[in-house]
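Here's the structure, in structure tokens; my notes come after.
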Amino acid sequence: MFIDDCVVASNTKIAENTFLIGLEVPFSTEKLLPGQFFNIKVSNNSFPLLRRPFSISDVIENRIYFMYKVVGEGTSIISKKVKGETLNLLGPLGNSFNIDDSFSTAIIIGGGIGIAPFPFLIKKLVNKNIQVLFGMRSKSEAHNYGLVNINYSSDDGSIGLHGNVIDLLDVELKNSDETKTKIFACGPNAMFRALQKYLTNKNVLCEASMESAMACGFGICQGCPIEFKNNPSYNLICKDGPVFNIKDIVI
Amino acid sequence: MFIDDCVVASNTKIAENTFLIGLEVPFSTEKLLPGQFFNIKVSNNSFPLLRRPFSISDVIENRIYFMYKVVGEGTSIISKKVKGETLNLLGPLGNSFNIDDSFSTAIIIGGGIGIAPFPFLIKKLVNKNIQVLFGMRSKSEAHNYGLVNINYSSDDGSIGLHGNVIDLLDVELKNSDETKTKIFACGPNAMFRALQKYLTNKNVLCEASMESAMACGFGICQGCPIEFKNNPSYNLICKDGPVFNIKDIVI
Amino acid sequence: MNEIDLSVNIGSLKLKNPVMLASGTVGYGNEISEFTDLSKIGAIVTKSISLKPRKGNPPQRITETPSGMLNAIGLANVGVEEFITHKIPFLKKINSTLICNIAASSIEEYIECVEILETQETIKGFEINVSCPNVKEGGLIFGNDINAVGRITEKVRAKTNKPIIIKLSPNNSNISDYAEVVKKEGGDAVSAINTLVGTAFDIYSRKPKIKNITGGLSGPAIKPVALAKVLEISRKVDIPIIGIGGIFDWKDAVEFMIVGASAFQIGTVNFVNPRASLEIIEGLKKYCEETSITKISDLIASRII
Amino acid sequence: MNEIDLSVNIGSLKLKNPVMLASGTVGYGNEISEFTDLSKIGAIVTKSISLKPRKGNPPQRITETPSGMLNAIGLANVGVEEFITHKIPFLKKINSTLICNIAASSIEEYIECVEILETQETIKGFEINVSCPNVKEGGLIFGNDINAVGRITEKVRAKTNKPIIIKLSPNNSNISDYAEVVKKEGGDAVSAINTLVGTAFDIYSRKPKIKNITGGLSGPAIKPVALAKVLEISRKVDIPIIGIGGIFDWKDAVEFMIVGASAFQIGTVNFVNPRASLEIIEGLKKYCEETSITKISDLIASRII
């Protein structure tokens, strides 16, 4: 497992409060999988104390990119990092999106910063039809970094469909063959709950990348439980996930 | 009382582990007195929690300079500040060296980073003979920023007199008229103890700028007591000092 | 929009807002008044006063710890007499609500202090410090002896009609039992918490960093503990609570009120940011506006569990 | 220069160095072994095991606080049976000293667990957790009941000749009395400290940030408190102490040993820096060299007060 300081190569704003940071890593990036994440220490002191988890957003040669939204102290510190400074990376962690099953169309659903893991996934989805559904509160959050065939939705109607991603999905699925389609989703829990409900009686595959407060990110703190429908004990989002079949989990 | 962020104008290394940082202040620097200090918050979060006190080392127009030695987390953070970044200053605090009494020769004694307040004092000592005695462990600590007529001493003999500042002082006083001389000293407590002992039976005036762990720097925490020889209660280094007549205090 | 009502009541004591300056962290008010307008603050609590002046502990008295600090000032104070003649006049002028904090080594000393100070009109209430960890005779012994806390409350109650606040120690496992006793014996409110006992050593000299060996831990580090103590009292005892411990900004203050505090005190933050009290008042107002609260007292114990 | 002797004894238990991994912060060792060579570490303490598997608390289980974190995992664990069949084989292979931590809701359950595990050769000692703040039935109730701690020690002692370490709660005012009872009833050592009770609330939802409402505070924030508890025990009771609480680097570790700990455990730091244990061992060696110490056991309680 890799754990070391990595040098910031770039750190650019791509939308309101949203940044893309590129880090040079000294290991081969070939085996990295879409959906995996790194746990990042943003300072070299006890403030903030814990690492912060971020999905791999993109990989270009020996650079790993993370797309992040500034929501608190940790992300605010990252947003101020300039080229040449370092961040301490631990990873890669977690399982990944499964792209080996038989589907020809991938519908990608990103709610807000939940879009982060998909530029990397899209690169790996060769020979598939890809449709991106990108939901947000308002136009200021919109960007198209690493995305293709984007349909936007916004809560305030300032961009794309006035509504949410489930509304977009409903339109999309009507035009698709469910058995040949697979959904990849990431976003807030409220979105996942709506999505799970919407898919209840449908036959389409759907993998969801879940979030949780995390301390370690690799299975030793038991801080990130997720309930499975038919399992008496919890699974761990960091180790058994973060990607789950949306039908298996209790959200 | 001033308390606000101030912009770093320069931050340069002047000797091993020793730096000079210049900060632009938005108030008139005319009333600043030599011996006064500022209490500086080096981060805008709770690490490190408390401010760090630093003597005014020099003043040029609207810039205040602090000379500091990197000894721990706080000073290490300051040493990494670059032009344009900010530090939060609170001050000016404390009393000051008294330069109005009748003396014609000023002997300035600095032990290590204890030399810090003297460039500013020297500027204020117009029409006086000035002799600087600058003691240190080793040559690597030597510099001459803002100093004049310097005699060095070093514990390892790598620069100047092989010995300590008291040895230098002994030579110096032999050539002086004690009644027309005033000593200004700043350094570690071990130096002050030796100095106090050395001066016991002498008639020369000596003011010492004392250090102490401090929380507030302006008299509300009672964290910085200093015992007076003829006083049942403690004085406060931050408020009643940091400059004291060396004959008054228990070191 | 109408002015938000920031006033709160602690028993019969009415404060214009819930922001109080904690005992021992603002002396007698004069130094901090250079930074902040004390007349705008809910109340100011004096450094613990004892019957006779106390010199306090020898240096080193303080040291920093991760997100906190240890102090062993040793209740250095001017004593009751000097307090009345030299400190009260200033405190009267600044027109803030004055709470007088009292520390003592015996029940009799507490009573004597209250008797002497009782007639001072400027003093609007007493905070009885039964929980200072840094003095040997009284302090912790009282703070962790529930019968002593009961007796002190009872005896002080007999001597004054002014509001009595008992400042509780966090260094025990059942703070709500202490609050219960305070209520039973006629105390008007409890303050929670005083500092936690802590220490720090230098690894080269092998000596304690603080001369007194142990000190009291304060600052953001203790906030979660303080909140849990306030919550425990609030769930079990019907008595006004003044929340204390690690408050650095208005968000921390709101958290204490939601958890159960009627008012709160800020201590360590005054050393770092002597303007914190006014900034917190502004922050509280904005928070109330944003969340459509018209009376801040609606926040008290509004937790949803 | 000769090799520095890093070995320490905790009663009859000999450790190759004083670095132990704290219960609940390294699971059963497999994940952290990807970062660190467990065979080099003094000992590894398992996540608390209970008789039956425990699901643990629902999310959210953790939240960050200033220089610390709160957790309410709720002793999620696989239970004694699964532990023996699936976890011990790995722990045997890694060739580290294994201490098995046991949690229970009744004295009988502690005894039953020890009886079952006693025969496992790989287990070199038991750490009895009487101090978990996050389970309702047992936990705090035992941890702050001195008679219960005495009885548990006595009964467990009767069932095993392996070293018994009792892990004490810091949430009381007299931890040394608990250590005294442990000694009297035949315990070999005490661990101090478990987490402090704390809480945190969201100021917009007004709900606790942790589902369990309160959690256990760990990390650098609690180091001064942990040191004071170790010091208190060390000054009053002649029993080996394992120091725990906020250790992040070798300097913290040295501080605990100077204050009175024979060995120490690291917890929260494993989450942030899973290589901390080996870094600490290296740091200890350098410190010993610099200060001309040949046996690290000379450091134990070497404080100068």
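Points worth noting:
As written, the chain order gives the labels A, B, C and D, with residue 1 at the start of each chain.
Simple rule for what comes next: contacts are C-beta pairs under 8 Å (C-beta built on N, C-alpha and C of every residue); 3 or more make two chains touch, one makes a residue touch a chain.
A quick note: this is a predicted structure, and the numbers were derived from the prediction, not measured.
Ranking every chain by how far its Cα centroid lies from the centroid of chain D, the top place goes to B. Chain geometry summary: the mean Cα position of chain A and that of chain C are 46 Å apart. Work out the mean CA point of chain A and of chain D, and you get 36 Å between them.
For the pair chain C and chain D, the distance between C-alpha centroids works out to 34 Å. Chain C has residues 66-68, 219-220 in contact with two or more other chains.
The residues of chain A that reach two or more other chains are 46-47, listed in rising order.
Taken as a graph of touching chains, this assembly is complete, with every chain in contact with every other.
Contact residues of chain A toward chain B in the complex are 43, 45-47, 73. Across the complex, chain D meets chain C through its residues 65-68, 70, 140, 144, 169, 171-174, 196-201, 203-208, 213-215, 217, 219-225, 227-228, 231, 246, 251, 254-255, 258-259, 287, 291, 302-305. In the complex of the two chains, the chain A residues touching chain D come out as 1, 3, 41, 46-51, 90, 212-227, 232-234, 239.
Remark: chain C residues 24-27, 31-32, 34-35, 47, 53, 55-56, 58-64, 66-69, 71, 73, 76, 219-220, 248, 268, 270-275 touch chain B in the complex.
Residues of chain B that touch chain D in their complex: 46-47.
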